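Handing you a structure now.
Chain nomenclature is as follows: A, B, C and D, assigned in order of appearance, with residue numbering initiated at 1 for each chain independently.
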């Protein structure tokens, strides 16, 4: 069973999630700078969710590239990940409509946490199939980003009881960690690719 | 006529159906746990439909993989299947908005039944084109899942007159049956793939 | 310039158009058979537009398969076709919301006519690039369907002034004409494919 | 790291953006010619945004075709471009709902400007990776279109203070400049393709 359709389907879902979020963006009530400014927090929450979907697409791209084949378990682990990502527009909208109130910000963070766990489960399924000596296991290495992120999410959930914006700050920190390019993985991807080509 | 675009188009439609359902999810009216809890049934119906689209994508993936070529009849049998699946967001929304009332739950089950019949028709068209000795016919074998599912749907439609939630339970049972991995088919897919590659 | 991305982009747009139309479907106001019956005309107009997009995808699939390469002119002729098809959800919705009133039914027919003309323009661009002796020109032959359809649309537009449902009948007749498989084209597609493969 | 998934994901996002804009189109309030005429400006703004997405898809298609490989920086430069394009439905809707008022027309132009800058950044990242002697750098040459467009956008933003429609005219001029086929680039694309094939 090859991985092309898994990639195509995931690309489709991620492309739709990242794009339909804009349908949720309410246009300013009046044609004024003031009204535009009032939707600025909405814009930022859209940007944060856009960046998160971008990060998942990027990492998914690298991870599947290094994998060999997929089986039924992996297809469902992938759908599980897509399920939590598909809820981003919903939790973003609630957080935004509530004006960053406590419960919706907690729900948004919980959604991010579930997606991170689902990503980890998918990654482990792929590694188990390929073996500990495979390209994926070696590229990921100790995976400090994957292990740190859930901890920061949980910290953010705790901070939310102090002030919801502290939680949003924690979620933004995780996004920043992933935005910084991970040279090690990319190096492995490039090498694995060259090994196959030549 | 090769099958790549059939796969690409089906992936596109299924990816959109699975993703736009989240647009239907109404955010809780207030930023409270109580309001979040009140949308929990909505969440469950979303999950059920998500799993159904996932099952169809999964099975479609395997089935087309084993098929050789497609013709005009098969393209339309495929569009027929996609038509019924594309109505899932509609019937999910109605069932959900009505609070799982009798008629919408019946309509949802009827939609599931039509999709199952359309899948069966597509499968038979593919088998007819490939022949009884083909990889697809052999992989499917006696197809007890495909034959049992419509019966459970019909039973669910009947149970709905007792209580709508009994029907929802029946629909969930069918999803469970398909979620359990079918080792036989996967075995065939793997073997057919290896036969071609080597 | 190869044609893969043209196919992928067109598949994407057509898959989205065919799927988002369901978002326009209003759920019945009450959970009753009576309310479900009242949305039946909506359902039929959705079905008609679904079949139309299916026909375009099917024909587009065949046509591009027989084409060799594409140039800038062809990319824009294709986008022109996609533009008119992308308006189907809009004109379907208006026709439906108005209860099949005269002006919206005319607008729907005009939309179908524009899509047919755009398809013809794309087809001619592809033939001009490949030459009169090319596989596409020969497969299409005298193209009686492509030439008859606009005439029936125009007749439908005229009949609309007698009664809108006569126009809808005319639009349905064109869909029927295309649904009937065109053995000649398929024969050519199969042959062209075999010539390339072996 | 190959470029197939970058193309697939970008195609997906652009196909969705170009298609969901139609969901924003409000159907005329009454089934009359008069009501249809009143949504004509809406139709034109939809057409303008459709053409813009078409231009970006077209240029993106050519640019990525000439590129060799992609890295993490390029993936993010591409996501940055997609972000601004994904906001087109939002800014189109606001401009349209306000009846082409000053601030929304400025916001629309600013969105176009950001997309143009993001495209330029992506192009430079691709050129840097491939080298000044690469196919892409040579095909683009002095890039007068890419350099003129931002100037016209800025001029449009200034003209908007005189009258918003002057700004819309400026945005339309830029679209026209790109719609006219650029023989030089296409020539290069064709040649590069032939060099690889044979």
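Keep in mind that, in the parts below, a residue touches a chain if its C-beta (ideal position, glycine included) is under 8 Å from a C-beta of that chain, and two chains touch if they have at least 3 such contacts.
The UniProt protein names, listed by chain, are A, B, C, D = Membrane protein.
Predicted, not measured: the structure shown is a model, and the values here were computed from it.
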| item | value |
| --- | --- |
| Shared interface numbering between chain D (Membrane protein) and chain A (Membrane protein) [over half = same, under half = different] | different |
| Equivalent-chain rotation between chain B (Membrane protein) and chain A (Membrane protein), CA atoms, steps of 5 degrees | 90 |
| Between chain D (Membrane protein) and chain A (Membrane protein), distance of the C-alpha-averaged centres to the nearest whole Å | 26 |
| Euclidean distance of C-alpha centroids - chain A (Membrane protein) vs chain C (Membrane protein), Å | 37 |
| Multi-partner residues of chain C (Membrane protein) (at least 2 other chains) | 8, 12, 15-16, 20, 23 |
| Interfacial residue positions of chain B (Membrane protein) with respect to chain C (Membrane protein) in the complex | 1-2, 5, 8-9, 12-13, 15-17, 20, 23, 71-73, 75-76, 79, 82-83, 86-87, 89-90, 93-94, 97-98, 101-104, 107 |
| Chain D (Membrane protein) residues within the chain C (Membrane protein) interface of the complex | 7-8, 11-12, 14-16, 18-20, 22-23, 25, 27-28, 31-33, 36, 47, 50, 54, 57-58, 61-62, 65, 179, 181-182, 186, 189-190, 193 |
